[in-house]
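Below: a set of structures, written as structure tokens.
You will see two complexes here that share chain A, one where it goes with chain B and one where it goes with chain C.
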Partner chain A sequence: MAAPIAIHLEFGGGAELLFGSVKEHHVTLPNQSEPWDMKQLLVWIRGNMLKERPELFVQGDTVRPGILVLINDADWELMGELEYELQDKDNVVFISTLHGG
Partner chain B sequence: MPVLCSSCAEKRAVLKRPKTAHSLCKECFFWAFEEEVHQTIVSAQLFKHGETVGIGASGGKDSTVLAHVMKVLNERYNYGLKLLLLSVDEGITGYRDDSLETVKRNQQQYELPLKIVSYEELYGWTMDAIVKQVGLKNNCTFCGVFRRQALDRGAMMLKVDKICTGHNADDVAETVLMNVLRGDIARLRRCTAISTASEGEGVVPRCKPLKYAYEKEIVLYAYFKKLDYFSTECIYSPNAYRGHARTFLKDLEAVRPSAIMDVIHSGENLSVREGVKMPVQGTCGRCGYISSQALCKSCVLLEGLNRGLPRLGIGKHHRLHEKILSQQPLTQKEERKLKAVDF
Partner chain C sequence: MCQVDEEYNGQLEHRVTPRVSKKCVKCKENTAVLIIRAGDAFCRGCFKEYFIHKFRAMLGKNRVIFPGEKVLLAVSGGPASSSMLSQVQEGLSRDAPKKLRFVPGIIYIDEGGASGQSMEERERAVAQLESVFRATNYHYHIVHLEQVLSLPSSVLEAGSSATEKPQTGSSYKAAVDQFIQTKKNQHPDFSVENAQSHLSSLSMQKVENGVTSPITPEHTQALQRLFASVRTLTAKEDLLYTLRQHLILHTARTQGYTKVMMGDSCSRLAIKLLSNISLGRGASLATDTGFSDPRYGDVVIVRPMRDYSSKEIAYYNRMFDIPSVFIPGLDTKAQDKASIQHLTESFVTKLQTDFPSTVSTIYRTSEKLHTACPPQNTNTQPFAKCLLCVCALDTKLEEFSAYQATLISEQLSQRRGPGPGFTRGTEAAPGLPPVSSASQGQCCSSGGGQHQGCMTGEGGCCSSAKEPETVDLKSLLCYSCRLTIKDMTAEDALPQYILSEAERRKRRSQMREEISEFLLDEEEDEAIPRVNGSL
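And then the complex of A and B:
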């Protein structure tokens, strides 16, 4: 059994609008038999946090193209993307690039 | 397991560049990003020493990064430019008023002079008032046409030599796609140009120093530099057509990041065969601004608003331009067609 983990989520660049305009969220992911990875985190966010129009945030099993993801301040493309295994106290940032310049 | 920077091989990489697939640390990324913009500016000879350059500033990510990078490069490479910020207030409550607050903070942060020109002072109409009359379907046409001219007017008030805008690689690629999809050959041919020469009286030359910069890198540059920018969608803009082009391009980019550069490359290298009919650039019979018709789009739209016939500038009503110019009354049938009922 993996113990519950506490992580910090941040939404910016307009992505916060899908989360009640709140940018920062401290969440605790419940314990489960497998370690938490990004793929499961996205499913969890969709089920527990997304207030409206989930298609603007997730597409298939990943984030909608045009939303950047940083894990502990590094591009998730360097961290294994969906396969990254979340650790306690991780910081995950989602920044939309889809809003006006 | 942290990935090391492929440039300095010392620090932890923070991003994978979409253009090159290199993994870079923060410092090496800042340097690479700024140097590439510098290379773009130098190789296209965008500016001359001593020029006054107006930076079109909306408070959004692109123009905020542009203002920051222009200031850095102007000092680092001694461009000798006098930089200032130029903003347009479209009169959209709850959107532009907030984003202009960001521009005002940028003015302090970057110590650049700021000029704001408003639709209200230039045209006598705010976008709020226009939307009240025309509804939410064609309002973006008004806004786009008015903004282009407003920037020129502001630039002339300040006597700037050039305007630079924050259009990035993704924007240019979107525009190429949209022009293909609309069959707009004249714009398709122009839209990839990095700069426009002065096209005549009242038009200030423009350029796009971020033309080859990916949106992903602009956003990450702003994020890692902690730049202050505004990111709320315009309350009036579904801008559906561009939205589709954008989503399509983002989906392509997810599969193959070079897609954006490739679309620009295609646009740059298209040549239009001889004999394709092109509109002839002339000047507006009323205000003197560039126009391929007797009246420029801005004057037609404004005339429509002022006469309560907002459809006048939407779609093709070129036959009516002569009538408007000579202030002849329209027939009842013509008027009925131009009223807002079926907007």
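And then the complex of A and C:
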């Protein structure tokens, strides 16, 4: 049993181009019985937010190689990557490192 | 092992960390927030120290930047160059005795004309970047790519190195000590002088900063015509890179900068290394990906960010609020296989996720490549350098070289059909050896690649005695630049300075041939330019 969760999403490094050039999004994930994890979040983003070219953001189950994910300003590898369970008011950042400098 | 969707269930099991948070491997007290390299977890403070230290260590290890030198920072707005800019600011601001000592300037090249952006988008990006640059208080130059059309042809000449200082540690140390001494002596007036120089630099800023000349739509159209005449994205990216380098070089020379810092990160250099090999630039790998690039002679290109992976840079920028502007380029949203560079990028990044030591392995390999010392006599004939990329020409026609083999197989596989250029009427059989094809007209000699140049260039070129431009360009280029030019349908769309420099070199080599019998028999390397010139 999970109440709807409010998540703050940010996109950077060029990833925002796939989301209508908007960098910050406040979303509310709908109610569902199991807790939301990152894998489900990605599926949700792909279905509801991605305006174009989903293969540039999501690849299979996970994000495309080259996209850095930060959960509450920490590397998601330290939080369990796809298995991490989302809490209310979490801040998830997707930064594309593919466009160099 | 190298399949796309292969499952690594066994290995992934132990990579997923449990809920217990890891401790920083360095200070062992704070919670780690980032994993870099293969498994080192760092906390925020230790990461910042590590990041800053790496930059200064990189500059200190390779002692190429002398105190008081003017250094141009090439900032594209992307994360790596913005990070480099902030590191330079950080390094210059410290009061420690080991602070960096050079005079920085910033250059930004607006490539919107080539990548098809509208004027408003370009102006917006430029405005954003200008506000970032103004906050640094350094001189900055905003240069539009259209200005490449009005460059002088002297930009293609390799200048002689300004100082003949031997690059030994002792001379560097001596220079640093001397610098500190002079600063100490000026100390009482230091603050006044500092303020004065700051004021003068501010007033100069009004004159020097900003756009040097307004851009007319005709310029943009000419530029777009140039890029539209290039067929493949690979060649477009290559050409864009070359033109950008020329612009940066020109600005550095005219404004008196002796060093240019580029923001190439480790990941980007690994990708560049592999794609350069695919593009045929293997001979100049060391200069293209090494720390310092001395090919231009008087201006040395330096890459201080080459030790940072893009993950570290992205994380640092995020954590410490480094402003960077995203500007779409030629290959934004392109398909994976759109160009060689793009394909290599996706290959390396994919491999990196499963094998985190990929990029560092490639990087370490590239570190082992060393630039050969440039020849002592610095007035080496300009014929020995490629017209576009100013690296040594690698197309000397030795008898049994691999390059000869590619030329021959190219001729053999070309079908010679009748066309406007072939007024002789004979249909050449594909198996003709090069000797007899020379009889069909000067411009059809050496290499079937000329074939296309003759067809699309001036119509009656074969029958006229004058040699067309196409031959000149190809003989003056290295192998990979030839491939880029080959992809162009209209070579006369190239900027004027390239075409006029090509003509000049061709005339020079012809003259050299004519007087060759009168030249005294010198050392062997006189023979080399003659071979190139007679192509």
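Quick note on the criterion: the second predicted complex is superposed on the first by the 100 of 101 C-alpha atoms of A that agree within 3 Å, B and C clash if a C-alpha of one lies under 4 Å from a C-alpha of the other, contacts with A are read in each partner's own complex, and residues count from 1 in each chain.
The rule is simple: contacts are C-beta pairs under 8 Å (C-beta built on N, C-alpha and C of every residue); 3 or more make two chains touch, one makes a residue touch a chain.
It should be emphasised that the depicted structure is a prediction, and the values quoted were computed from it without experimental measurement.
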Pick one for A:12: touches chain B only (first), chain C only (second), both, or neither.
-> both
Counting touched residues of chain A, say whether chain B or chain C comes out ahead.
-> C
Quick one: classify A:65 as touching chain B (first), chain C (second), both or neither.
-> both
State whether A:97 touches chain B only (first), chain C only (second), both chains, or neither.
-> both
So, does A:53 touch the first partner chain B, the second partner chain C, both, or neither?
-> second
Using the superposition on chain A described above, determine whether A:83 touches chain B (first), chain C (second), both, or neither.
-> second
Show which residues of chain A both chain B and chain C reach, each in its own complex.
-> 12-14, 17, 65-66, 68, 70, 73-75, 77-78, 93, 95, 97-101
Contacting residues of chain C [partner chain A, same complex] = 5, 15-19, 21-22, 32-35, 41, 76-84, 263-265, 267-268, 305, 310-311, 313-315, 318-319, 324, 326, 328-329, 332-333, 345-346, 349-350, 352-353
For the chain A and chain B complex, residues of the former touching the latter = 12-14, 17, 64-66, 68, 70, 73-75, 77-78, 93, 95-101
Okay, in this complex, where on chain A does chain C touch?
-> 12-14, 16-17, 53, 56, 60, 65-66, 68, 70, 73-75, 77-81, 83, 93, 95, 97-101
In the complex formed with chain A, which residues of chain B make contact?
-> 2-3, 12-16, 23, 58, 60-63, 166-168, 170-171, 215-216, 218-220, 223, 231-234, 237, 246-247, 250-251, 253-254
